[in-house]
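First chain written, first letter: the chains are A, B, C, D and E, and each begins at residue 1.
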Amino acid sequence: MNQNSVIVSLANALERTGLEKVCVVSDVLYKKGIADYLGVDLFHTTRGRTNCSYGGFGYNRGESFHARCAQKKLKNAPSVNSVFPLYICPEQPFNIPHLAKSCGAVYVARWTALHKAELTNSIAEALQKQGFSVIEAISPGEGNFAGVDGVASDAREKLLKFYYDNSEIKDTEPTENLAIDSDKKIIVGKFVDWERPTFIDLYNNQLRHTLGNKFVPYE
Amino acid sequence: MLKETTKYWRTPLDIDKVKVPQGEVHIIKDRCKGCGFCVEYCPNNVLEFSDEFNLMGYHPPFVKNEDACRGCGLCEMLCPEFAIWVTIKEDAAKDSLQK
Amino acid sequence: MGKKTIGIRFAGFGGQGIIRSGIIVGRAVSIYDNKFATMNQSFGPEARGGACSSELVISDSKVLYPYVTVSDVLVVMSQEGYDKFEPELSEEGMLLIDEDLVKPKPPRGKIKIFSIPATKLAEELGNRIVANVVMLGFFTSLTKVVSVEAMRKAIPESVPSRFVELNLKAFDCGYEYSRKQKC
Amino acid sequence: MSKEKHHPMESWLRMDRIPHIWCPGCGIGTTLTAVIAALEKIEANPDEVCVVSGIGCTGRAAGYLKFDSFHTTHGRAIPFATGIKLANPKLKVMVISGDGDLVAIGGNHFVHAARRNIDLTVICVNNFIYAMTGGQVAPTTPLTAYSTTSPYGNFEPPANIPRLAEAAGAVYVARWTALHVRRLTKSIVEAIQKPGFSVVEVISPCAQYYSRINRLGDGLDMMKFYHQNSLIKHMEPTENLDIQYQEQIIVGKFVDRERVPFTELQKEGCN
Amino acid sequence: MKANPKDVFSGTYYIDGDVACAYGAAAAGCKFLAGYPITPSTEAAEAFAKLAPQIGAMFIQMEDELGSIVAVLGASWAGKKSMTITSGPGFSLMMEGIGFGAALETPFVIINIQRGGPSTGVPTRTGQADMMQARWGSHGDYEIIALSPDSPQESFEFTIKAFNLAERYRVPVMLMSDECVGHMTEKVVIPSASEIEVEPRRFYHGPKDQYLPFKPERDLVPPMVKAGEGYRLHLTGLVHDENGYPLLDCDIDEVTQKSTTRRLVDKIRANADKIIEIKEDSLDDAEVVVVSYGITSRVALKGIEQAREYGIKVGSLRLVTVWPFPEKRITELAHKIKGFVVPEINYGQIVFEVERCSHGKANVVLVPHGGAGVHNPDDIFEAIKQVAKNKEKYEGVVEYRTSLERLIFG
């Protein structure tokens, strides 16, 4: 149901923006089904290669694409949906909003599946934003992680309750403070929203500058 | 060059204990690719390009001003080719400041 | 040179324009002298300073085997190149060297050696990067495998436009040098 | 001239492979002297040092250093080093590789090793270009700079390596140019001694491609440019470290913080 | 359809095989190239980067080959003729994308300028050891088309051919060139656009609501649409049906019936006769046939000339398309001749295809070459001599030991 709530937010956002030419690209893992249910052009790629994406935390493989994509600022509005583990793990998790900001994303937000209205709003804003936007939607990882971690395995509701009790909206928080720690509150909000020329703008400008009227714009 | 340009406003108290080191530059000419880092950045202008070609067709440096070397080793650190290094002449360390 | 297929090798360091030498002669021969010329290159991973050579096979018909195994002309601008490629030079071949950079052994068989201070001449012209083109002027005059006219057309197409004049000057310099030396 | 014709660093080098392949005026050789000087300074046992490098000009560094050295495939130096470190945590594992290798094809591994805080010392030689393949645009090429694959000027905003390292979790981040050999040596010493993922970026001249294509002179001219245009600003926030074409380069030590290294956390997790 | 004159840089050039590929791609109507520098293919990417803004195309240098190949797929689905260019190590990284592209029936071209391997191998020297990887490199069942040029002129022409085949059959097409051809500089003549035939994309023209992305036409190839045209298409690397929807675990019994996977193989096999192109020379009365491809076929001509002067009836079969393999023709010849000589710059790849197709009727002799160079024509001549003289039948492939190997190993 909670994956669904993210899709519903996406669908609502699409409706609200009234955009017609939208492509959704998703990757393997939990989100695999998502792209299947939306009535827009959908691409379901191999793991980690989404780039312009609606992806699970296939970050393990997609990182360099994500980083480079942010650096190039492709004109896309990807939303990243994170199912994060809460159990004690020797690996420290990424602070996705901070990484996204550092790589040059123009729009960065984080919401939990509970923050439906805010999430819808952010997706709509990101879709209308020119450039690389990232929305981290924190959603319950069904049985697996919750169970292992001692959060009662039967209760998605309890996990949602957990979000309710343990999240805090703070738009102004510097991204370096957004690391998720199991004994701290999850800070949600819209953290980055600024303007930067997109990759295609930069491409066209530079080549027009150098080549003058010999340049045939890429369409 | 230190000898000519440095003037102290007072004589250091430990002047008789400190000996200004005298360095000796060693160059493996055929290893040099003529980048010029050592010639440019030697603080005492010890080195100069030679006119000769080495085996690889470059002009290696030569020691133009042997006495001026204080053995700081910057040429050694900057040389990308491991072609130049300095040693300190223990016996020849001069007390040039006293002169 | 009455042979149907002629193998030419240029050898030196990366950065001396060895590969470009092959391209210029190949272009002159195949586009302006209407023969077949296949150029191949072999180089190390380094851009400059490493051993570098280009080989050119010139023929009246399509070149089937693209490499030079026995060269008829060897143009060398480094000792290393000389040491490596002198043994593959035909006993009746011609050896062209930059005299400041290559110290040849006494010639084998009927090998003829021609020397020119190409790098020094190029430095005198203002830029050592045209040493290869000085060498090409020398080469054109001595070997006659390519016409002067074809070379003068091929050079401007093979170098950056701001260096065309310098390169043509370098070509003439090498060409004249051989005539002055009467070699 | 003394009779002794041996460079003092020769015992750290594979002398049978010198002269190396790097072009005249290249800064990678200078970076190597700094690496060796740093290892000498901490009196490292050469038997316990591993050097791993990837592909590219800097990738050849492993081939000249006389330790257990690994020249891996393109972009994979960090995962290879991760394997070494985790299999034998006693070893000092250094990754010496270029900007293209570490932050383009290896970008994924770079951020993940930083996130995990694997105890590696990464020396990233940044020459703003892919030089081994002949001067293509790199993830670090400044805007408007020319390369063979940006023949009309680069339009891709370049990566800011210290910022990426910081954001992904590196514990020690510094940047110097190849001219700052002494400070670079000091940073490498600190980086090696720091437990966790440390990154030292070395801005280095590429005399053959970057400076030739952009008509910036030779390697020495690049060094002179660094001399006049680098500004030491320790602890500068990493977002200010973007490099613009032929403008001031901020150098210094930017991050020096504590995070528990991966191997320690792993032990905790097992208990 | 004729090429667009704006994309064709007609003229006479003295360029290498790599650069010729870039001109070929431009002429074929390629509008998107995502690549990554790798010796010895880089010159092609550089050349295309120069041409791209003049023909309304995009060149992007991706962060690696994994990214390059998948960006090519994306661009192709957005409606552009797309390609990438690489060499061995990059080709290995692209295997995932090739399988994905084949599963999605995406038209695109990969140019592989082969170099010595395995792994980093010998970047600056030649090899032909990626031939089997081209065919079988990605997991699962699929077919591809591979072409092999022997000169810069052919590099230009075959690149156009590769695009045409890719668009016609909606399949990855590989131009398996090699370092020798890639770095070989020769005269290349680029004709006028009116002399260049290019295959347009097979766009779907029926009613929008009836479009099924994987419903084939009579030649087993489905027509295509592009993203952003209102078709709301769905694509997945999972096994899928004609809708493009994945077949889930619960459909497992129906997978074989409903999935489009079988057709990935069949569409090439059924059209093999139309796809396969070979160049034959003097096969009518031949006793020995040299089967070769790429640069080796060019060098082999010298060995064949020598053998003819020596008095042996030797013919040549040159694989222009290496994949699909001309099985029928090889079998036919096997019944008539003494044996095949197969020189290739590897330790035996295509030779095993020749052996498979000769069904024990003819001897098959491999003339291997370890790479970093091309065959000595004398070795090919000697191998032809050996086959011509031999009266017994061998089992399996016989390896001819080259003069160099005899010198080294005695």
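By our rule, contacts are C-beta pairs under 8 Å (C-beta built on N, C-alpha and C of every residue); 3 or more make two chains touch, one makes a residue touch a chain.
The shown structure was predicted, so the numbers you read here are calculated from the model rather than taken from an experiment.
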Item checked: Number of hops, chain A to chain D, where each hop joins two touching chains -> 1
Margin query: Among the chains here, which has the CA centroid at the largest distance from chain C's centroid?
Written below: A
Check: Measuring from the mean of all protein Cα atoms shown, which chain centre lies nearest?
Finding: D
Next item on the list: Could you quickly compare B-D and C-E and let me know which has more C-beta contacts?
Entry: B-D
Check: How many angstrom lie between the CA centroids of chain A and chain C, rounded to a whole number?
Finding: 59
Checklist line | Inter-chain centre distance, chain A versus chain E - centres from mean C-alpha coordinates, in Å | finding: 39
Margin query: If I count partner chains per residue in chain E, which residues reach a count of at least 2?
Written below: 39, 53, 63-64
Next item on the list: Could you check chain A for residues that touch two or more other chains and list them?
Entry: 64-65, 67-68, 203, 207, 211
Notebook entry, point to check: Which parts of chain D, given as residue numbers and ranges, touch two or more other chains?
Noted result: 19, 22-24, 104-105, 107, 132, 134, 139, 152
Notebook entry, point to check: How about chain D: which of its residues touch chain B in the complex?
Noted result: 1-2, 4-5, 7-10, 13, 18-20, 22-30, 32-34, 37, 179, 181-182, 185, 207, 218-220, 223-224
Check: Where on chain C does chain E make contact in their complex?
Finding: 22-23, 26-27, 30-31, 36-45, 63-67
Check: Inside the complex, what are the residues of chain C that reach chain B?
Finding: 13, 16, 49, 77-80, 100-101, 119
Notebook entry, point to check: Where on chain B does chain D make contact in their complex?
Noted result: 24, 26-28, 31, 33-37, 40-41, 56, 58, 74, 76-83, 85, 87
Checklist line | chain C contact footprint on chain B (complex, rising order) | finding: 33, 53, 55-57
